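What follows are several structures.
Both of the next two complexes hold chain A, though its partner changes from chain B to chain C.
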Partner chain A sequence: MARAAALPRLTWLPATISDVRRESATATTLRLDVDDWPGHVPGQHVDLRLTAPDGYSAVRPYSLASAGGSGTVEITVDTTPGGEVSTYLTQGARPGHHLEIRGPLGKWFVWDTSDTEPVQLIGGGSGIVPLMSMLRTHDAQQHPAQMRLLYSLPSAVHMLYRPELASLHAEGTVTFLYTRQPTAASTRPPGRITADDLRQHAINPDLKPSAFVCGPTGFVETVLTLLVGFGYDPERIRAERYGEGSST
Partner chain B sequence: MTITEGFVGKASPQGVDLPPGQHLARGFPVLSAGPTPLISTSAWECTVTTTTGHKHVFDWTRLHQLPAEDITVDIHCVTRWSKLGTRWRGVPVEALLADIDDPTAAHVMASSYGGYRTNIPLADLLGGRAWLVFEYDGQALSPEHGGPVRLLVPHLYLWKSAKWITGLTLMATDQPGFWESLGYHRYGDPWLEQRHSRD
Partner chain C sequence: MNIPREQRQQPGWHVDGNGLAGAMSDIFGRDITDAMGVCNFCGNRAAVAEVPAYNAGPGVVLRCAECDTILMRWATTPISTWLEMPGLRSLEIAMQP
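Our next item is the complex of A and B:
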């Protein structure tokens, strides 16, 4: 009882879009101004509520992309063909527009920055978003833990956070796994993530890493099986799934 | 109540065979803005130009080195005919863009032999929704239907599917093409009946 009472009530807060930034041909990042925003830890998400002039409203969850502890509220939305909310957020949203937000939500798929063990991140498609919050938090804090990312995506035109990830790729922190169209520079044949990809690019299981896996359901299932087979401790793997078998 | 400006909720009709205002065509009518150019496969090429001016040229041979797909789709012409279940073979536009690093690109101007141009958001050319096609109904694509190679973007009105394609120019901002400068809609979604610029 005492613990429950200590939690702030989850209420809808008014939010104003303050910045709209295109991330790729299909995805957009929105920065929101929220009074009394309590802050978030990397990996958490929020609910957004949109209301049309006729009173129709729709609620969708979105992962936070901005660094934890920064006070900045940024989400990245990828277009779902025919999706009423994603279509507005990726194409109709403009600075100054109003919506409502509640959160931050989620206590499971979060990176505790007091942990010093290595962290392996594996994202498929827009599953990269909460992992980007972890990478940005790691970077902002100059965190001593080793952190690596494997990012599975159809082709380079779908890449989110391209400038940031390109520099992390140059440092060897990020590996791109193209499922459909590789770039000329990549020697890996296009396709879904394999055990070989883990052996070549993931943190060695002997180092007792934790792992965060986020993406479409099928992708996450595949990765979890591979990680355990590779020797990762299932107790140290956290996963977040979305969609119904949507492809990466 | 907080109203979200610009949010309208569900817009597209469900379970409807034809977009509003369309009727079925029996044959395959031809609509062109100009004369039919005759281009041999050996002369044909399509140049992808980035926003920074870099050019990537695809000729017949290089196009056929990319993975081709069979496509069966409904097509809708702004002149109100639709044709269901048309069969094509071609290469996804995304395959031509795979090695192109151009993060500022958001729109594309497709250009044809003969000078026709039409603008399309880049996102609409990705994700298995647009192709460069070179076969129709199991046969080489005939010149009157855009051969040897045309663009196919079946989820938009057919004027967006530029015939005799020879260029895809990536652009940071949208610009109107041929019909779009003449009062046709910039986007052209048949399900929203976006025929004219004021629709």
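Our next item is the complex of A and C:
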């Protein structure tokens, strides 16, 4: 039988930072070189472990930003003020530094590319990261499903993946919802996501879309309530809460 | 989807069981986020990935999204992990492909 190869047991894999890119005023994208990386599907995350010379270690989950099936391991980390792990990853990390990851993890918050139903993505702050993996996978495969993104962020300087999202915005795939400072071109008053935003920009519930919602816990709770109120089927909604430490 | 928090009693923020895939693999030896658990109190059946998980304290607590019953909790010390499953009636773990 061809598929007899067993799944590798989940172990910590040594990773070397091969590229560091400033992604926004506060966030950084890290590319990691990992031998024997088994690949991932869009929406999955890794656990990342930092170990100090005295043996103290800290583990945090980070979503994978790179397209599924690409073999590339990229994460994007936003600064959490006073945060133990994110402060190093956004400010101290340099190419050549070593750390450890295990994964890919999470079998639930994943987009199955064999589905052709429309997909509504809604991200707040760094919650855009796994959704970007879905958009990149969609793009790389020229996938036929309709996919749209609503992205809630404080202001334009906080935008992750700006070149890619700007072109998707021009195509009408992405809507930016600024919570604090809108751009000059935007007519929407700044503020948190509302039922009106969904009515205007989200895929119509009559089309039976699935939805992926990701971001700080409070943001996710708000969006879930709004989506169900708008008529989305709760069975087709999947959520990933980042906790309250991560920023919006 | 798991229900928004204002409808539950536990104070404080939480993540989803999905975000603890790695931590649970230390206990179960594999990613069990797609395993289905049944609450012993209300009978609610949900994927481990969707269960609200409170990890801001020293240990981790997973609660039923419907009735707040503690399904599973664990704490890890340098020498062992102490695991309790007071409110979990069953856990169905699919065979590896």
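FYI, the second predicted complex is superposed on the first by the 238 of 248 C-alpha atoms of A that agree within 3 Å, B and C clash if a C-alpha of one lies under 4 Å from a C-alpha of the other, contacts with A are read in each partner's own complex, and residues count from 1 in each chain.
Simple rule for what comes next: a contact is a pair of C-beta atoms (placed from the backbone, for glycine too) under 8 Å apart; a residue touches a chain by one contact, two chains touch by 3 or more.
What you are looking at is a predicted structure, and each value in this text was computed from that prediction instead of being measured.
Once chain A of one complex is fitted onto chain A of the other, the partner contacts of A:K107 are limited to chain C, with no touch recorded for chain B. Once the two complexes are overlaid on the shared chain, A:R241 sits against chain C while remaining clear of chain B.
In the superposed model, A:E221 makes contact with chain C only, not with chain B. When the two structures are aligned on the shared chain, A:A170 is found in touch with neither chain B nor chain C.
Put simply, chain A touches chain C in their complex at residues 3, 6-7, 9-10, 45-47, 59, 61, 102-103, 105-109, 217-218, 221-222, 224-225, 234-235, 237-244. Chain contact summary for the complex, chain B toward chain A: residues 1-12, 94-95, 97-101, 103, 105-106, 121-123, 126-127, 129. Across the complex, chain A is touched by residues 1-6, 13-16, 18-19, 21-23, 25, 29-31, 33-34, 47, 49-50, 55-56, 96-97 of chain C. Contact residues on chain A toward chain B in their complex (touch as defined above): 14, 22, 24-26, 49-56, 58, 79, 81-82, 84-85, 88, 92-94, 96-100, 154-158, 162-163, 180-184.
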